[in-house]
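Next, two complexes with chain A in common: one pairs it with chain B, the other with chain C.
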Partner chain A sequence: MITGGVLLATSPWFSAFSEQQHTRGEKARIGIIGPGSRGQHLMGFLAANPKVEIVAVCDVFQPSIDAALAIAPAATAYTDYRKLLDDKAVDAVVITTPLYLHHRMALDAFDAGKHVFCEKAIAYSLEETHAIYQRYQQSGKVFFVGQQRLFDPRYIHAIEMVHSGEFGVVSGIRAFWHRNNDWRRPVPDTATDEQINWRLYSAYSKGIMTELACHQLQIGTWAMREIPDKVMGHGAITFWKEKREVYDNVSCIYQFDNGVKLNFDSVLSNKFYGLEEQILCNKGTIEPEKSKYYYEEIPPAPAFLQMLNDVENALFGSMPFAGTSWVPETANVNEGYYLLDRKPEGDGTSLMLEAFAEAVITRKQPPLIAEEGYYATQLCLLGHQAMVEERSLVFPDEFKLDYLNHKAPESL
Partner chain B sequence: MEYVQKSFGQGNTLVYAWFAAMHTRVDIALWTNDNHNKQERSNDSPSDLSHSVFLPTIVANIQQEVKRVETFANRFDPDSELSRINRMAFEQPVTVSEELFALLTECMTYTPLTLGYFDITINSFNGFKQGIHNITTDPLNRTIRFLHPDVQLDLSGYIKGYVLRAIRNMLEQEGISNALVNMGNSSILALGNHPHGEGWKISLPVPASTDKTTLLNTPASFGETKASKEPGTSGEAYETNDFLLLNECLSTSGNRPDRPWPVLNPSTHEATQRSAPVSARTTDPALGEVLSTALYLAEEEDYLYLNQIVMGTGGPLKSVLT
Partner chain C sequence: MKEIRITPKQQKRELRTFLICLLIAFISNVYAIIKYQSPATELYSSLHYVLLFSMFLYVAWALMRIIFRGIKKLIKK
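So, the complex of A and B:
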């Protein structure tokens, strides 16, 4: 189920899997807070994991409870999350409620001695996100954020190649996520529009930034191994104007200390280019979502490199020429190379949840996961603030952690 | 162009250079022995410079030559001379440069000699099949004219061999007797020797299920086929087919076993997809391109006939071969 052996070597946070042999037979007892569509998606993976027991579910919306119990029939159902937190049978919680509810629930969960998996974005504001991170640190509990690209083999391999210097110096990152729909979901008679379509209301969500940008901004910090300290941007409602308070068209520029930019764009009325994070280096380009990379210049032939090696060792070796690299009927197109030698399976969500279960069982927090999640949230919130205030913003010192190029205020 | 240079043994220098051209990578490895060359040159050359000093310049000149040919023969480049012909030759006779006129004329002579299998009009518009019979040339005025609006010329099945021919001449003029030039793994020129052996050993992958009789792997093959597996393929087992090349060329059609590339059959305009690639070894690289294409497409009876030609045992192409 887990390919941790290979991945452990390339991604330090895969230490979550390092003791998986010793935890055989043990179970992480998990409660789900807010099993809506995303929560049910995560429950599907959790229910399939023999090391997980979904012992409780909680929602204020009965259809969500019914759907959750269909996945985990033995779970105790609650309508008040605080009752779920009082349940001693629960080791850890998965929080998949609307964004504005994360803050209170995560703090209460840590206070109740639970390990926490919180969907991204972590919280609605910079202050709330910082408060959750601090409470996590004080608690000694495990804290995961739903940044599944950290566990996606395509992304792991891509970032490994970037860090190895294979593509030279990172010169820019262009992230975009385009869709062509209004995000609106049908509202049943038993619910309000705010309950179902909370993503469209500014009191509950920061829209595109907290729902989409959060994933992609994390790729920027992961690739650069640095937090960008400046951001500017513009947002607007340009197409889906009905009952929408959040932008449907945004563009943000984050700048790293060396001047490299991380651009994020999203248009919700055109899906032609879909989503991608293009990591632009002076010797190559990586598109992890497509699972491809491209060299600026053509790379040397392996057979000739082997021949050079043979010459040094006084060998008369055969030169293996794999299939033709000739593309006879197309114009000059750089087809690139695949990051993986197989079709990608999933997007890392399954591995992320397996890692969470392992961490809950071993009570050990893997490195980087909380911090990468923290900064992904803070950066998307800061970008949103820059758009609302229509000015360039600098990352506030009071929200810095001891991480990468940042120092926490108390460390200074 | 990028290159690496290595010294080895007593006065030997090897340069490996690579660059992108003609929709693929061109690899050039050449080596020389300064001690040997110094003795040879001592009587007629006052220069004290080692021969190896010039190797990077030689490969740079080769790159220029490849680019020069690509500039006039690339049908995807709207500014190329070939594109100009394709655009205008139905409307009026188009005057063609001496070099391209000779090249096109040579290509057209191969069509009847290969029983129609090699055809530079194969990519005509709308699947037009009689392209080769709808071209007129005027050698005196060096013009070419199309008699049908769908006729289009495509040199992509030939041009790499043409370039290899030019490269071989350049290397001979520069006194380089040991070199291996590879264009996209489908067209290989091997001159002289590997630094540690006679000739150059080349391995090409073929599906394990291949009927070996479809491979032109005689008479100078070496070793045995070896089971291996190509990374990134669907899992079918592959073997390597080994060739020892000495002052000759190897042209291969259909050698993309993970993603077989269909070659259009001029008579039917249907894509042919053999289970195995077909390689032709010849002394002339351009002719190798013609033959590997023709053999890849050929029906069984024609295949045997063309194969005999390749083996030098008969047929109208024998004179061309020699």
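So, the complex of A and C:
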């Protein structure tokens, strides 16, 4: 079981729940900007939270508004997000619009005095992401980014074990996310392909990096407690060539100061290995997505079996007809151990939204959560830039914050 | 149909045979623990292997006895 102390050691953002008892009966009044598929998914959790009232929804696509109103019938519907921001009944907004719209909407939301939950990636460019973070700091409002792994018990336990030194020194991190589909969704008559399949157009999205890598790169910095300073990579469109402007095949290498690498790769035409983040340490390996860990040194098979094995090998080892051994050879296979003693409930999204609601009610920003989201976005954008420019890039000083191994330029 | 009777003497003999097999298996485990420098806890944690092995020895010995008896009968004829 994960205790409160452990949670705060590895995940200080859980302090959002510290005043949970005192906020009973209070409500966070939330407006949803862009309740498409992801927005509706989040709304499902918000609607189930007694401390949340979804008071407004906004979208330019009527089917999305209809679906959102089905989840929150009492909400006021808007087609212009600025009208929603003018609504005094709204305390906070959840922005789940296409990536290229985040920047303007987040800035306007802070200016309107709203707390902001923005889906990852935060923004389309390094500059925009930095501008949003700065505006958040000036605003004194709450700012959450949709990095739900920060609230996932599997990941929290995994990182706690890494930080405790249980597995020795982190020697490398391999993250991959493979799928076998083109991400294309059917386009109704009332919409354009760009509206529905915006993830495939480079003017609106940076594809794999902003949609998938963002989550996994954050695991790397969380485990290492350090921001990698260099990145190189290569991306290409290798399989899904029709009406696609973003890569369907990418590979990036991020390098930390001590030389440790964080590798990310994604192929959208093979799903055999699915997704995982493998944290490789000198004494063990952790695979949080599988909820498993493995020690490098595995205990040998019982002596009795070893002896039988040796006898069998001595007797039959050289016989050409000898078949499969009857001694269980699997005894030495590293099966690993489970991170949790129970089946994980969800992927952290529900807890993340509960934490956001608590933070909105208490008006207290939990530590580090905005910074983790900020760097996850900046790293995926930098990786994308390295692939486009086909060169190794160093994290630009002007976008550094006072966080972990980084120092903001103004504090130097 | 021929009635098969196992006399108390035979029962004792079979029990003794099985106990000898069990002892051999147990001693083999002790030897293995020493040889492979395994923890002494395997004296009881590997008991199921020891029991299985003793059963294997007992069955093997029973088969051999049956074969010996068959050969003996053939020679007598």
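The criterion applied here is as follows: the second predicted complex is superposed on the first by the 370 of 412 C-alpha atoms of A that agree within 3 Å, B and C clash if a C-alpha of one lies under 4 Å from a C-alpha of the other, contacts with A are read in each partner's own complex, and residues count from 1 in each chain.
Methods note: a residue touches a chain if its C-beta (ideal position, glycine included) is under 8 Å from a C-beta of that chain, and two chains touch if they have at least 3 such contacts.
Keep in mind it's a predicted model, so treat the numbers as computed, not measured.
In the superposition on chain A, contact of A:338 is made with chain B only, not with chain C.
Once the two complexes are laid over each other on the shared chain, residue contacts for A:316 go to chain B alone; chain C is not touched.
By the touch criterion stated above, A:304 is placed in contact with chain B and with chain C alike. In the superposition on chain A, chain A positions 300, 303-305, 307-308 are in contact with chain B in one complex as well as with chain C in the other.
Chain B makes touch with chain A in their complex at residues 2, 4, 6, 8, 14, 16, 18-20, 22-25, 27, 29, 31, 76, 123, 156-157, 160, 180, 182-186, 188, 194-197, 200-205, 223, 230-232, 240, 242, 252, 255-259, 261. Against chain A, in their complex, chain C makes its touches with residues 28-29, 31-33, 35-36, 38, 42, 45-46, 49-50, 53.
Against chain C, the residues of chain A that register as touching in their complex are 300, 302-308. Residues of chain A that touch chain B in their complex: 297-301, 303-305, 307-308, 310-312, 314-332, 338, 341.
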